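Once you scroll down, you'll see the structures, which are given as structure tokens.
What follows is chain A paired twice: with chain B in the first complex and chain C in the second.
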Partner chain A sequence: MDGSNDLKKVAYYPGCALEGTGHAYNRSTKAVGKSLGLELVELENWNCCGAMEVKNVDPKIQTYLSARNLSIAEDMGFDKVMAPCNGCYHNLKKAEYDLANDPKSVEVNERISAKAGHDAYKPGKVETIHALDWIKKAVGEEELAKRVQNSLKGIKVANYYGCMYTRPRHIFPEKDKGPGSESTAKPHFMDDILAAAGAENVEFPLKTACCGGAHSLSDSDMSTKLVLNIIETAEACGAEVIATECPTCHTGLEMHQVRAEKVLGRKTNVKILYFTQLLGMALGLSASKVGVQENLSDSRAFLKEKGLG
Partner chain B sequence: MPIHEKSLIRKENLVENENLIIDGVDVSGHWSTFITGRSLTDYNDDMQDEIAALPGGENIHRCWQCGSCTNACTVNAVNPEFNPRYWIYLIRLGMEEELLRDKDIIWQCVSCNKCTYACPRDVAPEGVMKATAHWLELKGHTPKSPSTEFDEEFSGQVIKTGKIEESRVIMNFFRRTEQPLAQPWLVALIKGLAFRFPVFYLMRMGMAVVRRPRTRNWAKSRRAINEYVQEVEAANRAAVGAKGGH
Partner chain C sequence: MTFQAPLDLDGAIALADAVAASAASDTAPLEAAKQLLGAGEVVLEAWVEAAGGVPTDDEVEGYRLLALHRQGAKGNPSFNACRETCRELVYLRNVVEMSLSEGDLAQARHHLMLEAHVLRHLGLFVGGKLHESGLGDFCCSSRPLHSADSTITN
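Presenting the complex of A and B:
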């Protein structure tokens, strides 16, 4: 990533989840961007990235789906596309990697693109970044701290990144590059951003644990156990809030928190909020501006008690 | 004295005679415990090649059995029977019968990619798990798993319209797997929402069902992807020697 200027205006790929269950993430990401003077231009006529499902039918269909989105960004004149959803982010990154390294993926992408009537995306044209990269690199902690109107002081946060933001390592060539870069073993960009907003991040060992999101409905008992472990560990670490940066993780935590209570009789109290919701409220936005009402879980009383939103 | 090692042997392979005297020595009960001898003759020589030919299985031959995958595995921590290293071992040796003992849990891989992250040999065990689950279904050893049902429902919608609409995926998935939609926890969740924001939510859900999200001018992409899907499905069936439709 070079300089912060070209990050002030980037292409935006919200993806399907952010138009459905993850709408609060969409709303809060846009609101935070606006509040920080950053511009997002939505990809015109984008398609689904294939999430975690299409690759199981065949991985190269997913390569095509993501490549089509990357070519839209290119056609619109962007060399950066920002995807807040871990699934979308991961798949665009994977397509970029596969098209640069796997001739068979290139061949299939070219074939499907030709039949579909558009140019095939060539790797190296568009860089995919996450909402965390975007805010951290375009604004930075120092500037964020200056803009905070409503500090998250005294709020204990466990930052939860999930699987697809860091694994598998090889599709994220910019990570693990020493100071300043993101770590795949112990990611910290969300910690950095929320610390700048005043939050008290707790030491949380399950930052990149899996919530079982791929089998949230097809193997619910497994997902409930995995989520409960994450939530109970966060509580044991002293967290009042789990900050999320992925709609699948976020909805998974919310759903299986309820399911753990109903099915296993294990009630937990930690609140689940998108990092953009916490950041937005710290920047002075109201709870409704960052879509707190759209979350499945109800954290309004907690936020009120903390003087937020 | 109990024989502690018994726990390592499958029950059906342990033999114990209640009343047995050998050369005038009474060895009744646990004194006569022994493990039945076994010799394997039914190796499936094609199993590794078949699984390697399916998407994700390509690098299985690289495994040198270090066990990093199982050590890192999310599902293994919940269910110790879920053991990618062991399954890769069985596949590489062609021990089909042993593998089939675990056929009903292999699909439970959650694709967290911790194994792939840990693997020093680039086997991509996550892909191998998917390929193995796929192989079990293509061979008719298992019915379609709930995960496959979900993947097919989801992918079908993406290919059809270019986008997905979550409530439609959820409803169709429950229908496909013959589960009631009114799961108590799902009801609790929706009730909570409806109680807080009745009008807003009902309107948005209703809109999503009526006005299906779709990518414009998708027809050519749909046709091209469908052609490709048919091609790979035929290739997968041919690779495992399966006949006809899946």
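Presenting the complex of A and C:
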């Protein structure tokens, strides 16, 4: 990535989930950005990235749908678009890769773009970044630490990245480039950001494990077991909070935490919060400003006890 | 406490449950850690065999588990969603051994418990993939459901 100045104002692609179940992530991401003096400009007339549904029916259609969003960012004069959802981030990255490496994807993208009446997106024009990249690169840990008003000191956090933030490796050419870059094997950007805000990150061996999100409808029991194991592992690591950076993972963790208690009789106590919610409260924002009341996982009493919100 | 070596995927998950439940007590940590790693191999053998393959006896970086994962992921990129899980199993087994060599039994037992949790995840993940689709895909990063020549863009 280029210098931090390029990241002070970026195009914003919230994606469908952040308008629905992941609304608290949308709210907290915007609030954190504002608090840090960063600007997000939402893509005009954006569309679904193709998610997993379209990709499973026809991956070339998904490539087009994501490419259209990149095309909008370019038309708006941006060379960077920030996507906080792992699914959107992954799909935009994948479209970029496919258009640079797969002639069939290029052909389909050009054909549908012509039918839709806009120029086809050409790879290399817009870089997709995640909310973690955005905050870490635009602000950095040193500056974050200076801006902290309510330290997360004493809060033990397991950082959960999910499976799409780093996979497949080939669509993330900027990762695994040594010091300062993100790792696909052991991602650490969320750890770095929350540590700067004072949190005590615990060792957590399932930080990139599958949450069974795509299983939720077809085999809820399997999703519940996968999530329960992730949550119990976090608790075994001493975590009081699981920090998330993906609306699908977050919702899955919340829903199946409740379901595990109802169906399997296994109660767990760890709180589930978006990293932007934790960071926002550390920066002095109220719990409601970062949408804590919108979470299924009720952490208000816990946060109050910790002097946050 | 000693454990029976698992014969199949369900047995591997049962072993994970048993070790997780007893890791803090009288379990011999290194022996159990090695058994968990072996159980991980049983899980991946089930995956390879279900695809009609013969599980390899090769090793990658000194571990058969990693060779089995590589074999299981060949031609099936969605299986890479458990690549780090396999590496964590190897890592945690090594931490157990290292902790014991440093005389830190508490650390060894803690990491043994984590290793059991990681094995449980591997068993559930692979079991889910086998159960859900008969070697199809449910993973977001997986292959499309339909072959290239049946898609609507052709």
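Everything below uses one rule, namely that the second predicted complex is superposed on the first by the 309 of 309 C-alpha atoms of A that agree within 3 Å, B and C clash if a C-alpha of one lies under 4 Å from a C-alpha of the other, contacts with A are read in each partner's own complex, and residues count from 1 in each chain.
Definition applied: contacts are C-beta pairs under 8 Å (C-beta built on N, C-alpha and C of every residue); 3 or more make two chains touch, one makes a residue touch a chain.
Everything quoted here is computed from the prediction, not taken from an experiment.
Q: Consider chain A as the common anchor and indicate whether chain B and chain C clash or fit when overlaid.
A: clash
Q: Check whether A:C237 is in contact with chain B, with chain C, with both or with neither, and answer first, second, both or neither.
A: Second partner only, chain C.
Q: Contacts for A:K225 in the overlay, against chain B (first) and chain C (second): which applies, first, second, both or neither?
A: Both: A:K225 reaches chain B and chain C.
Q: Now for A:E174: first (chain B), second (chain C), both, or neither, which partner does it touch?
A: A:E174: touches no partner chain.
Q: Based on the superposed arrangement, let me know which partner A:D58 touches: chain B (first), chain C (second), both, or neither?
A: both
Q: Determine, under the contact definition given at the top, whether A:V108 touches first (chain B), second (chain C), both, or neither.
A: both
Q: Between chain B (first) and chain C (second), which does A:C163 come into contact with in this model arrangement: first, second, both, or neither?
A: Touch status of A:C163: both partners.
Q: Identify which of chain B and chain C touches the larger number of residues of chain A.
A: For chain A, the partner with the higher number of touched residues is B.
Q: Which partner chains sit in contact with A:G87 here, chain B, chain C, both or neither? Use first/second/both/neither.
A: Touch status of A:G87: second partner only.
Q: Where does A:A209 make contact in the superposed view: on chain B (first), on chain C (second), on both, or on neither?
A: A:A209: touches chain B and chain C.
Q: Between chain B and chain C, which residues of chain A are contacted by each of them?
A: In the superposed arrangement, which is not itself an observed complex, chain A uses residues 52, 55-61, 108, 111-112, 163-164, 167-168, 209-210, 212-215, 218-219, 222, 225-226 for both chain B and chain C.
Q: Applying the document's contact rule, which stretches of chain A touch chain C when the two form their complex?
A: For this pair, the touching residues of chain A are 52, 55-61, 87, 90, 108, 111-112, 163-164, 167-168, 185-186, 203, 205-206, 208-210, 212-215, 218-219, 222, 225-226, 229-230, 232-233, 236-237.
Q: Quick check on the complex: what are the chain B residues that touch chain A?
A: By the definition above, chain B touches chain A via 55-56, 74-75, 78, 108, 110-114, 116-117, 124, 130, 134, 145-152, 154-155, 158-159, 162-167, 170, 173-174, 177, 184-185, 188-189, 192-193, 196-197, 200, 204, 208, 213, 215-218, 220-221, 223-225, 227-229, 232.
Q: Quick check: in the complex, which residue numbers of chain A touch chain B?
A: Chain A residues touching chain B: 16-17, 19-21, 23, 45-48, 50-61, 64-65, 68, 108, 111-113, 115-117, 163-164, 166-169, 184, 209-210, 212-215, 217-219, 222-223, 225-226, 254-255, 258-259, 262-263, 293, 296, 298.
Q: Which residues of chain C touch chain A in their complex?
A: Touching chain A: residues 20, 77, 80-82, 84-85, 87-88, 91-92, 113-114, 117-118, 120-121, 124-125, 127-128, 131-132, 137-142, 144-146, 151-153 of chain C.
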